[in-house]
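Pasting a structure below so you can have a look.
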Amino acid sequence: MARIKAGIVNVTGYVGIELARILHQHPLVELISVTGRSAAGKNLGDVFPHFGSGDYAIKTDLDSDIDVAFSAMPHKGSVDVVPGLLERGIKTIDVSADFRLKDAGEYLNWYGFAHPVPELLGKAVYGLPELHRSEIVAASLVANPGCYSTGAILALAPAVREGIICGDIIVDSKSGISGAGRTLSLASHYSECNESTAAYALEGHRHLPEIRQELEMLASGLTLMVTFVPHLVPMTRGILSSCYARLKDGKLARGSKAKEELRQLFSEFYEGAPFVRVVDEPPQTKRAWGSNFCFIYPTIDLRTERLVVISCIDNLVKGGAGQAVQNMNLMLGLPETSGLETLAVYP
Amino acid sequence: MARIKAGIVNVTGYVGIELARILHQHPLVELISVTGRSAAGKNLGDVFPHFGSGDYAIKTDLDSDIDVAFSAMPHKGSVDVVPGLLERGIKTIDVSADFRLKDAGEYLNWYGFAHPVPELLGKAVYGLPELHRSEIVAASLVANPGCYSTGAILALAPAVREGIICGDIIVDSKSGISGAGRTLSLASHYSECNESTAAYALEGHRHLPEIRQELEMLASGLTLMVTFVPHLVPMTRGILSSCYARLKDGKLARGSKAKEELRQLFSEFYEGAPFVRVVDEPPQTKRAWGSNFCFIYPTIDLRTERLVVISCIDNLVKGGAGQAVQNMNLMLGLPETSGLETLAVYP
Amino acid sequence: MARIKAGIVNVTGYVGIELARILHQHPLVELISVTGRSAAGKNLGDVFPHFGSGDYAIKTDLDSDIDVAFSAMPHKGSVDVVPGLLERGIKTIDVSADFRLKDAGEYLNWYGFAHPVPELLGKAVYGLPELHRSEIVAASLVANPGCYSTGAILALAPAVREGIICGDIIVDSKSGISGAGRTLSLASHYSECNESTAAYALEGHRHLPEIRQELEMLASGLTLMVTFVPHLVPMTRGILSSCYARLKDGKLARGSKAKEELRQLFSEFYEGAPFVRVVDEPPQTKRAWGSNFCFIYPTIDLRTERLVVISCIDNLVKGGAGQAVQNMNLMLGLPETSGLETLAVYP
Amino acid sequence: MARIKAGIVNVTGYVGIELARILHQHPLVELISVTGRSAAGKNLGDVFPHFGSGDYAIKTDLDSDIDVAFSAMPHKGSVDVVPGLLERGIKTIDVSADFRLKDAGEYLNWYGFAHPVPELLGKAVYGLPELHRSEIVAASLVANPGCYSTGAILALAPAVREGIICGDIIVDSKSGISGAGRTLSLASHYSECNESTAAYALEGHRHLPEIRQELEMLASGLTLMVTFVPHLVPMTRGILSSCYARLKDGKLARGSKAKEELRQLFSEFYEGAPFVRVVDEPPQTKRAWGSNFCFIYPTIDLRTERLVVISCIDNLVKGGAGQAVQNMNLMLGLPETSGLETLAVYP
């Protein structure tokens, strides 16, 4: 059987190169075209030596005969690229934020630009397979979720949909530095961020509207008050999200039996989700390093009747390139886990 | 003027050796006696090469002519040591948890032992100078606060005392690995905890009763519902605490003016506190590395009317040995900052 | 085609669990049996949560119907296990040092025990495929090289065999902490080794006799004087070896042309070696993270006419489990790269 | 007694800010003036929050009434600043390379510019107090050594001066990332250098001519062939240098007695050097973190009759700002250790 032909726009960022790594190893897909701006004309192996022999020439434009494209452009860049791909009938997964939000007005609020193709926002499917699998299967454009959003939404979705919590929600996330990207900045300069932890974006982080949008869809009428505070911790990969909300009275049993019910509820919610593991001990981010798994530990602070859910992912895989490939698999009718079965590299 | 003579019981843990480092450099105090169990008979410089020439012999018992003693025994160990020191008229700072809680019953709940000298709990002063300065000045026994407790209480005290928040409080703390001590464990084995972040103690961490005790003293009648979740992040030193609570209606102005009022309120609360800095940008833990400073950034999530306070400290200094020396200074009538003026080692 | 059945003795160390990870993903092999001592009775996924669902039960003994076995016992432990495996006709790869040295007397010198089955030392093949491929193909017992040895021998073999260097050789190696294993020790306690670099084993490291043995085989008469100094650097995985030796007069051209000749010589030596990449820029260890590749950068310090070769590997893959699987592939007639084609996880 | 008035040109790099930290705490010196380019107009505490209250205004020019100045300009920048300071009679310590080399021609070779004031090269004293204390005492211009040079020269000086080694020397150094400075670069971008080790500058590093110059002064006629290879390891601070040379026959006793003689020789060489500690176990870089100490461990590889010396320093203190202050103390007649007595911050 001929392998499906894939291309990546802007391969030289961390999500882009991670896409290339995963597609390079995908048994049913062939990566035939990659583009870059500053690196155009080089081979991928020149810029990223772990790629070795240099079979991939970085060009300025995608080859024309691809079946599926990934846009790894930064936000405000994908809106220029994606419409053309769709016109050419190429199924597209966009890893930027440009098609994640349903409300075009939010782009002005959060990203500072008027969305040039708002009509595409309705067509784009938010690419979280655990919530939107059937829509993704039918989609021609999938907006791959933000890294923080993936961890937070997966941690909270079962509780929100089942209506067991009040609307007051806190998401406290801790991310590795690769989330800040490959562009140089003082915040990701080694000596500045090594051996240090800090909160940032306390005025509001751009992944908040995604988190709200997706949770509100599940909440059926409940008004959510979500506070989301991201933190940088000194590691390369990984996001741990700690989520807090008050339990509604009477929804779960009392005491330790409530914890069992909660576990059951989460396990059932994610039945059939091959990359979500509801675990019975608090997970470490490094158990996801290099893999597409999301580990979720739901529990209850019995002293305060509060739900606490801890989730962890690799921000570049389930929080980026791996999820994009998972979406591609669904869009193309491939097995959902194809090319994504590798375990975490531990320790 | 003759320098004050100090001794340290159990110098070989991380707080113990940090006490030795600070006292070694203290201009008004002379460290004349240190004890250890397994290392007895060696010089401090043999066990800790950065101490160099080995002027300090590790013995099994403290010298008799000391003016002030630090007990760096683990919990359940200090209760055996402290009464004898007090009987000999030696002012004592205990860095374990053994004298922090006022309610003797809590020791059974949280530490699994019946407190053998509950009458001392009333005499012991909780050694957070920013809350109990005058009591510390008069104390013969000071219970040095836990590392997490220091960061959390300092972050929340102004808001609790001023009554601007509701009683539902979340403290999400991120600690460096040295907080787990020098005793070997898989959790602090390099390859297990490096490049990883995890939550732990979700059933309840032992610093929670301290945090509640101190905040409730300030809350005058308000029932507090505190959820405290500690996390380990891959760095040696530092604790960042992110604290969340709903603002009470009508206590502060609306909008960005509320942030100014909040800053003002915190600054006034800590006026005269030489080691607390209320800052106007989210702090990084590494700005406290090796110093006794606590940085506090109070702000408001205007979308949800929620107070967010970020604090950071060096867990071994303000969260341990530095605060113990600050307490010693107060107990002995020395300048509060004596021996503690060094800046953070950055980067 | 039926997949080959493999077993691992002592799966719970870092090389053992890395073997399990690679074999789990091997397309032609099925891991059907794993043993452990303290963890016997548990599932692999209980001890190592990234393994997930727990299809692997840890037992005390290997299943009887395996085709190939890996012994991941520590040294002095494999000698008890391997003879029995061979008697049962099971092809065996031993990752300990117990069968690496040809001279039984060296075990007394370096490992402090009289080798109990010295007759097997002659039958065992030193499992460095780049030097012993045809012998490995025919072997029933392969002794998998030490992690440092792999990096050092691969860096030096071309120059030694071609006779372009004098016998005075220095190998200065820098290893990540996982090389120290999963057993707890102060040297691998996070707060002790993080943010620190140190040399160790200056009296002689146990990988030295391996390095000498293999290089002397290539040196045909030249007496080698090898100084090998290992260092620990604060990272989980990776070994970088910097190797130094004086060039013999007249063997290479003068000046920068000599560098070209040298590159050519190394490239030819490793032609047909699928996991060695002779590169034209100094490599970083992280470019090998999680992969079986060895990167080698040979150059000349023209000011002193000295050969300098830098090699890097992932100590747990090419320096351990990956190389063991490469050996297995050769022993079983499988493609050499089968199950080992994944790229490094970068960044 | 009036405190000496000091100024720093270009305080905003890592050596500059470390100078400010040390001088801020110096009991006999007052830092009264700091300059910066991009940060001019701000307070030091705005740019470096650990400095706190902001008593230091960053200006474009030094105040006129200073007694001593530090130039923390990059190389090629100090030559523009230093002559003017000297003309104004201000004792000057230059932390750049601009006055380290005696041979003006070397600046063209290594730094790519013709030295504009070669006459000052003869007046400048190379600021390694352990070799040039008396000259420093009398100097008006001191060229502070490079970080690598400090570690390498201190490790080798005793052996070179005593003539116990052959001239073939290898220096393999491992540096923390802060050595690469505060200027952004891909090489010090967190995700690129974290969890990775690499060699660099294999064509020749700029600290090599310093190392050669100083060792040749001690070698009295011996031609030295020094190969110096620097490496970056993932830690913020610290340099470990591993130095190798063949012992000359007959200079030391044979066997383990030779090691004692060697230790003795090193100890005597550094008698009276308050910041050098000849130790009897291989040192870790973190034992120097934040302190001005250099730890030196000399030993012999008895199998090959090779001298091996391991040294370690904090690259920003003894390898930079601390040594500069040590030089200042000597130039001004202050106690050599004044302001530099703090121990390492460990762990």
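Letters A, B, C and D mark the chains in the order given here, with residues in each chain numbered from 1 onward.
Methods note: a contact is a pair of C-beta atoms (placed from the backbone, for glycine too) under 8 Å apart; a residue touches a chain by one contact, two chains touch by 3 or more.
Keep in mind the model is a prediction, meaning the values are calculated, not measured.
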**Item:** Required minimum of steps from chain B to chain C, each step between chains that touch
**Value:** 1
**Request:** Farthest from chain A by Cα centre, which chain is it? Let me know.
**Result:** D
**Message:** Between chain A and chain B, what distance separates the C-alpha centroids? Give it in angstrom.
**Reply:** 38
**In chain C, residues with contacts to at least two other chains** = 14, 178, 182, 191, 193-195, 234-237, 283-284, 287, 289, 347
**Request:** Mind listing the chain B positions that touch chain D in their complex?
**Result:** 14, 17, 21, 24-25, 48-52, 178, 195, 236-237, 277, 279, 281, 283-284, 287-291, 293, 295, 341-347
**Item:** Partner chain A, residues of chain B touching it in the complex
**Value:** 168, 170, 172, 174, 176, 191-200, 202, 204, 225-227, 229, 231, 233-238, 240, 242, 244, 246, 282-287, 289, 297, 299, 301, 303-304, 306, 308, 310, 312, 347
**Message:** Quick check: in the complex, which residue numbers of chain A touch chain D?
**Reply:** 14, 177-178, 182, 184-186, 188-191, 193-195, 234-236
